[in-house]
């Protein structure tokens, strides 16, 4: 596992554990929904993770982008496919997305090179 | 064709024609990109249109949502699939998306009933 | 009930019924969360509805604003209090909020005059 | 004065008067800032109104766009200049801006044809 | 005072001083409004700071979240209350808020443990 | 060249080179548009860069702000002018812009002091 991925995962896991320790019932339900929404259904996991990625990119959330890039990689999204998701995000969200796209490419490179 | 779809298409076509009549070269290039980005490629048109839809929903643009709903319908997205796209949009974008989701369902109903 | 309120409620109810008729389980859970989150808890309903209102205003969603204005009115938020919520929304969200603030004042006037 | 402009101005004036009648001191100060910020200074009014327009377009506020289009027109922004502002807005904000751009062109046409 | 709070406050104070040294009159007025808006009024400081917090969370501004968390803590917002504000922010703003919520919990923990 | 500027430019150049090495045709076209849009035209480069800056500030993208601050500095925007752009951004975008404004002032100081 590469360095960016390791740091991201470590903080995410630490804080999710911390949150679950004292969160109220509705927060726990919201986190549960966040998991089940991306499960295999009428759409397969690969498609759903690309949907999560493009939504995260146009809303410009670096951590969300990293998370869904990891899941896209696990689900077998290839280089040409991820580039087309990136293009849709840049087009719809505009050039304001580009700095997040740069960091996304850096993270994706790490994911695909550490495999 | 239903009433909502007809109104949306008529205004969109009228203004796109107007824009092309006087736009500068860069605007024309941007509109061209907006077309070619959703063409069949490493990802098929159906997947790309769902990506365009979810991005439009989390950014809460009713006209963009209508446009991609029309394209999703043409590309064969079915009821269960569109509901899963809707859910990802609601989850990622939050309850602020719900009013746009209501209008999306109304438009989708018209599209699927007028077929 | 004033005209704006009546129109808003009628469409909202019609589409919520329509959604519940065909939504998947996760969407139904999300809508349930949207209800329970604003229930009396450590914070009272009045405070929660003002929180919902200010969030809706800075995110500039007219329908969400109308919904929470109605709930704030039911919960007894008075004229001076609502003005302070409006000010926080304008300050944090900026002058881009002003057109939504205008429509909010029109709706609030209807709510308070039809009482 | 064209129909779109007339409707926009009438509602804006009516509600601004209504707001001033009952707003608190901070809201009045905020509205005063909204006026003085666009006054001639180190930058001329024409430049400031183009800045207000591009900010309104990327934040996708139709009423704000109309307001600044009116002011740009008064300040002498010409056809080629407004097209370059439109292009920057479309580029930075992305294709999600396009529906607002369509309505902006319609309003600009009315402004320039009714002159 | 914990480490995160110390760093945040130091940079904020340094840059606010820097800004005041050369800002124009309108910027100074805007900063003054940013202070008076949260003063005791028809709503108490505690309520206003929770309003500022939820607005900052749905707009996803980490520094603004830290600032209002500090003020909420000073105003006596307790654990159960802050969790309900967090839930409203997550619900309205969607899962895109979660990374900011993680950092908010980390900062809140520091505030409440260093007391 | 100051430290902030050096770091920003180094990462930006590295990742743009990386992106160009494997990007698809549409991404390359989008990046080309991002360049030509700010070229001298009906509006001069200085005006266009201020438009790019204000758009980046209200959308709260630190990297985009840095980029356009650099270009504004090259184009001869002076202290009083940049303050008026900052004020329009704060006003339209709201107090949520302030943390980005702080970082913008820090970067601008570096640009103007290293000259």
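Here the chain labels run A, B, C, D, E and F in written order, and each chain numbers its own residues starting at 1.
One rule holds in what follows: a contact is a pair of C-beta atoms (placed from the backbone, for glycine too) under 8 Å apart; a residue touches a chain by one contact, two chains touch by 3 or more.
For each chain, UniProt lists the protein as follows: A, B, C, D, E, F = Carboxymuconolactone decarboxylase family protein.
Everything numeric in this text was worked out from a predicted model, so none of it was measured.
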Tell me, which chains sit next to both subunit B and subunit E?
-> A, C, D, F
Compare the CA centroid of subunit A with every other chain's and tell me the farthest one.
-> D
Could you work out the angle of the rotation that brings the CA atoms of subunit A onto the matching CA atoms of subunit B, rounded to the nearest 5 degrees?
-> 180
So how far apart, in whole Å, are subunit B and subunit D when each is placed at the average of its C-alpha atoms?
-> 27
Expressed in whole Å, how far the mean CA point of subunit A lies from that of subunit C is 31
Expected list for subunit C, residues touching two or more other chains, is 24, 26, 30, 33-34, 37, 41, 55-56, 58-59, 64, 80, 83-84, 87, 90-93, 95-96
May I ask you to sort the chain touch graph into line, ring, star, complete or other?
-> complete
Which positions of subunit E touch subunit A when the two form their complex?
-> 60, 79-80, 83-84, 86-87, 90-91, 95-96, 98-99, 101-103, 105-106, 109
What residues of subunit B sit close enough to touch subunit F in their complex?
-> 24, 26, 29-30, 33, 36-37, 41
In the complex formed with subunit D, which residues of subunit F make contact?
-> 33-34, 37-38, 41-43, 47-48, 50-52, 54-56, 58-59, 64, 78, 80-81, 83-85, 87-89, 91-93
Give every residue of subunit A touching subunit E within the complex, in rising order.
-> 11-12, 15-16, 18-19, 22-24, 26-27, 30-31, 34, 55-56, 59, 61-64
Provide the residue numbers of subunit D that touch subunit A in the complex, in ascending order.
-> 58, 90-97
